[in-house]
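One chain, chain A, appears in both complexes that follow, with chain B as partner in the first and chain C in the second.
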Partner chain A sequence: MAAAGLFLLAFLASPGSFSWLFAPMTRNGAPAIYTQTPLWSLTLSHLTLVAVAVAASTLVALVLGVLVTRPSGREFLPLARTITSVGQTFPPVAVLALAVPVMGFGAGPTLVALFLYGLLPVFENTLAGLTNQPAQIREAARGMGLTPAQRLWQVDLPLALPVILTGMRLTAVISLGTATIGSTVAARTLGEVIIAGLLSSNTAFVLQGGMVVGIIAVMIHEGFQALARLASRRTG
Partner chain B sequence: MIQIQHLTKRYDGKPVVDDVSLTVERGQIAALVGTSGSGKTTLLRMINRLVMPTSGHVLIDGQDTGGIAPHLLRRRIGYAIQGHGLFPHRTVGQNIATVPRLLRWPADEIRARVDELLTLFQLDPDAFRDRMPHELSGGQQQRIGVARALAAKPDVLLMDEPFGALDPVIRAKAQADLRQIQRQLGTTLVLVTHDMTEAILLGDQIAVMDQGRLLQYAPPAEILRAPATPFVEALIGPDMRPFHLLSLTPAFRIATEGHATGTPIPRDATLRDALAECLWSGRDALPVEGGGVVTLTALRERAAP
Partner chain C sequence: MTLRADRPGLLFALIGLAGLVLPLVQFKPNRIVPGEGVGLPLPLTALLALILLAGCLHWPHIWRLAGGLAGLGTVVLTLGGTARMLMDQAPDLARVAPAAGFWLLLLAFSLMLTDAVTRLRPSLRWRWLMLAGVVGLVVLVLTTGWLDQVSVMREYAARRDAFLREGAAHLFLAFGSLGLALLVGLPLGVAIHQSPAARGPVLSVLNILQTIPSLALFGIMIPIFGWIAANVPGAAQAGIAGIGVFPALVALFLYSLLPVVSNTLTGLSGVSPATQDAALGLGLTRWQVLAWVLVPLALPVLLAAIRIVLVQNIGLAVIAGLIGGGGFGTFVFQGLNQTAMDLVLLGALPTIGMALVAGIALDLLVQSLNRHTPRSA
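Let's turn to the complex of A and B:
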C-alpha cells in the first residue's frame, strides 16, 4: 500500500521522469506522458469532484435512511428504495446527456450523475445497520429512558457506523471510476487523459490515466476498510 | 410501593394481561411466575410503560404513572433484562453511567457512583471500569446489567428473567447476591421468572400467572401449602413441595435443646440443606452452629402442610 502510494506521489510530482515506463506503448514518436494539463491538477479536481459527490450522496442517503426507519417515516420506505435504486440503475452517461442541456458543460452534470449513482450503497447499508440491531439493546435503551433522538445518536448510529462506512466505501470507489466519463462533458477529471489517449490512439495516455485512478481507488478502499475495522473493533 | 389496578392489555382484542390487580409493598420482592406466554413480560413492561395498558392503572408510591412522560418515568425505574442488553460500544463504566448521565448528575458524582456499584457487585473498579462488555464473562455482564439498572438509585427495580442466560452455579450465586443487595438498598423489586424454585427463593410474594390472568398472589409458604388452582399446584410440581417448604426456613429457627454428634450445620442453612445432610450422613439429628439441634422428626413435621 505504502509503496503504491509513494509511487503515485512520485509520478504525479514529476510525470516526465517516468517517460521510460510509458514510451514503449507509444507509436510514431508520440509523447509518452500527457502534458496538456498537469496530471496532479487533474487528479486534484477529480478527487474534489468525487469527494463532493460522495459527501452529498452520503448525507442524503443517511438522512433518508434515518427518516424511513422512524415510525412516522416508515411509509416512505418503498419510495426511498425506488429512488435510490433507480439512481443506481440509470446509466450515468444518460444522466450526463440529460443534465447538460439544463446545466451546461462543466462539473455540474458529473456531480449530479455521481450523486445519484452513489445513493444506493449508503442508503441500503444505513437501513441494514439501523434495523439489524439486537432486540435486547433496543429494549434496554428504551427501558432506561433514552428518548428516540438519544437512542438514534447514542446507540443506533454508533452501532451502525461500521456498516455505514462500508456503504461509503462502495460509493467512493464506484464514483472514482465513474467520474472519468465527466471529461466527455468538460468536467476536469483524469478521464481527460484517457479520452486524449483514445482520440490519438495513444495507449500510454490511456494507461497512465487508468493507473492513477486505479491506485487511488485501491487506497480509498483500504482506507475505508481500516476505518470500519476501527469502528467495529471497540464493540468486539 | 407499586399498586397495579385492574391492568389489562389486549392485542387485536385478545387479552394478553387480563384485569390484574396486585400490590407490592415498599422494599419487597414480587416474583411473577408462569409458563411461557402467560403475560408476565407484558405485565412487567406496563409498569414502566414500555407497553401501554389498554385499561387500568399503575401507581408508584401513590402516583399514577400514566401522568408522567414515559421516558422520565423510565429513568426513575431500574430495568434489567435477560442477556443484560449492555451497549457493546460503551465501556462498563459508561454503561453503568447511562441513566445518571441522562439525569445530568455532576461528573464526579457519576464516577463515584460507578465505582461504588462495581464494588457492591464484587468487581474491582480499577480493573473493570474501562473494559468493554465483550471482554467480560456472562456472569460479569449480568452483574453490570443489574448495576446499570440500579445506578440512579431507583426505588423500584424491574427484572425480566435476569438470570435466564446463566449456568446453574453462577445463577445460584447471582440470586443470593441480588437478594442481599436488594435487602441492603431497600429496593422494591418485581422479578419475572418461569422458574418456580427461583420465585420461591427470591419472592416475598409470588404472583402466579396463566393466560394473562393472575391465579394467586401470596407469600411462598401459602402458595405451597394452599395452591389456589390445580395449575398452581402443577407449576410447583407435587414432587417438589416438601423440599420447597423446607427451603423457606433457616435451621436455627427450629433448633431445640438436645444433643447431637458430628459436624454442625451453619445457622442459616435451610431446613432443606439440613434434611439432605441427615440423609447423606445417616444421622437422626444435627447440631446447629451456635447451639441447639435439628432433628429428623422436626424436619418431617415442617415438610408437610
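Let's turn to the complex of A and C:
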C-alpha cells in the first residue's frame, strides 16, 4: 500500500519521467503522457470535488439519520428506509446527466450528483448503526440515567461509528469513480485524461487516468477500513 | 380522521406547493434554447393543492394511496394536455419540455404514494400486483399517445428505430454480463468455498477490479479487444472487435464478478455444518450435497447478488454509450454534446425505469424465497 502511494506521488510529481512505461501503448508517435493540463492539478481538483461532496453528504445524512430515529421523527422512518433502497437503484450517470439542465455545465452538476448519490449509503448505515443496537445497551444507558442527548453523543453515535465509516467508505469510492464521468459535463477531473484517450484512441492516456483514480480509490478504501477497525476497537 | 398534522404529509405538501408555484412546462421555440414557463390551469392547481393539503391530516392509509395516485395521474395527464394545447398552433420546431414544477409535483405525489404503500404493509402478492399495475399504467399512458406532444416523446418519435435498437442493446449488455458473471462467478465461488487458501487472493483481485473507475475500465477494454481481434486467429470471424458491444460487455462482466463470487461464498458458508454432516450421513456424495443441499439453501443470498449486479449493470451500461457500445447511454451523451436535454431524458428515463423495476422485482423475489426457504438453524 505504501509502495503504491509512493509510486503515485512520484508519478504525479514528474509524469514525464514515466513516459517509458506508457510509451509502448501509444501508436504513431502519439504522446505517452497527458500534458494538456498538469496531472497533479487534475488530481487535486478531482479530490476536492469528491471531498466536498462526501463531507456535505455525510453531514446531511448524519443529521437526517439522527432526526428520523428520534421519537419526534419516527413517522418518517419507514419512508426513509424505502427512499434509501429505491434511491440507490438510480444510476449515478443518469443522476449526473439530469443535474445538467438544473445546474448548467461544469463542476456544479457533478457536485450535486455526487452529493445526492452519496447521501444514501451514509444514511442507510447511520440508520442501521442507530437502530440495531442490542437491547441491553439501551437498558444500561437508561439505568445510568443518561438524558436522550447524552445517550446519543456518548453511547449511540460512538457505537454506530464503525458502521457509519463503512457508509462513508462506500460513498467515497463511488464518488471517486463517478467524478471521472463528470468530465463529460465539463468538470475538471481525471476523467478528462481518460476521455482524451478515448477520443484520440490513445490507450496510454486511458490507462494513466484510470491508474491514478484506481490507486487513490484503493487507498481511500483501505484508509476507511483502518479507521472503522480503530473505531470498533475503541468501543470494544 | 383526526385533526393532528401528519408530518410526512406536511413535507410532501411543501414540496408539492413549491411545484405548483413553479412553471409546469417550458415552452421553447426549438429544442436547444430556453423558453418561457407555463403553469397549470387554475382549477387543476386548486385540485392538486387540495389533495396535498388533505394529505397533511390523518387519513386511513388507503386514502393516501388513492390521493397519491390521483395526484400523479393528474400531473402526468396535465403535462400531456398542456403540451397538446401549446403545440396546436406552434411551429413544428417548438418544444414543450417538462419543467421544475412538473418534476417537483411528480416527486411530491410519488413520495405520498410510496409512503402510503410503506405504511399499508401490503402482502407480497399485493406488492407484485401493485408493481404490475404501475408498469401497466405507464405503458397504457404511453401507448394512448396522450403525451406525444411532450418534448421527450417528440425526440422518441424522431428516432423510434434507434430507440428500440439501443434499448435491446442496453438489455443485452445488462443481462448478458449478468449471465457471463453467473457462468464464471458461481463455479469460482464454489471453488473458493472448497479451498479456503484461495479465498484471500481471489477476493482481493476482484476488489481491486471494482475500484477501477468504470470509464477507464471501458476504455482499457477497447485496445485489448482490438489486439485480440487482430492477433488471435478466428477471433475476428467470431465477431470480436475493439469497438462495439464486446468491450462494454466484458467490462460490465468484470464489475459483476465480485458481488456474485462473494455472495456465493457467503451463502455457502451460511449453511450450518450440522446440515452438511446430516446430508453426508445420508450417504450423499460431496457433489450431491452441493447441488441438492448447499445451493438451494444459499439461493436467497445468490438472488441478492443478482439484484445488486443487475441494478448496477443497468446503470453502468449507460457508459457504454461513450465508447460506441450502444445502449441508452448513446442518447444521454448525444444529448449532452448537443445540449439537447430532451435527448438526455430520452436516454436517462428508460434507464432509471428499468433499474427501478429490476430492483423492486428482485427485492420481492428475494423476500418470497426467504419465506419459502427456512434457514438452517
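One rule holds for everything that comes next: the second predicted complex is superposed on the first by the 230 of 236 C-alpha atoms of A that agree within 3 Å, B and C clash if a C-alpha of one lies under 4 Å from a C-alpha of the other, contacts with A are read in each partner's own complex, and residues count from 1 in each chain.
The rule is short, and it goes like this: a contact is a pair of C-beta atoms (placed from the backbone, for glycine too) under 8 Å apart; a residue touches a chain by one contact, two chains touch by 3 or more.
The structure presented is a predicted model; accordingly, all values stated were derived computationally and were not measured.
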In the superposition on chain A, see if there is space for chain B and chain C together, and answer fit or clash. fit
Does chain B (first) or chain C (second) touch A:L146, or do both, or does neither? first
Partner chain(s) touched by A:V206 [first = chain B, second = chain C, both, neither]: second
Pick one for A:V63: touches chain B only (first), chain C only (second), both, or neither. neither
For A:I137, using the defined touch cut-off, is the partner it touches chain B, chain C, both, or neither? Pick first, second, both or neither. first
Just chain B (first), just chain C (second), both, or neither: which does A:A226 touch? neither
Should A:L44 be classified as contacting the first partner (chain B), the second (chain C), both, or neither? neither
Tell me the angle subtended at the Cα centre of chain A by the Cα centres of chain B and chain C, rounded to the nearest 10 °. 100
Max touched-residue count on chain A (chain B vs chain C) belongs to chain C
With the two structures laid over each other on chain A, which partner does A:A10 touch: chain B (first), chain C (second), both, or neither? neither
With the two complexes overlaid on chain A, what is the closest approach of chain B to chain C, counting only CA atoms, in Å? 21
Could you pull out which chain A residues touch chain B in their complex? 134, 136-137, 139-147, 150, 155, 158-159, 234-236
Which residues of chain B touch chain A once you look at their complex with the stated criterion? 48, 50, 70-75, 79, 81-89, 98-99, 102, 132-135, 145, 148-149, 158
Residue ranges of chain C in contact with chain A within the complex: 6-8, 11, 100, 111, 114-115, 117-119, 207-208, 211-217, 219-220, 222-223, 311, 314-316, 318-319, 322-323, 329, 332-333, 335-336, 339, 341, 344-345, 347-348, 351-352, 355-356, 358-360, 363
Residues of chain A touching chain C in the complex: 25, 73, 75-76, 78-79, 81-83, 85-86, 88-94, 97-98, 100-102, 105, 173, 176-177, 180-181, 184-185, 191, 194-195, 197-198, 201, 203, 206-207, 209-211, 213-214, 217-218, 221
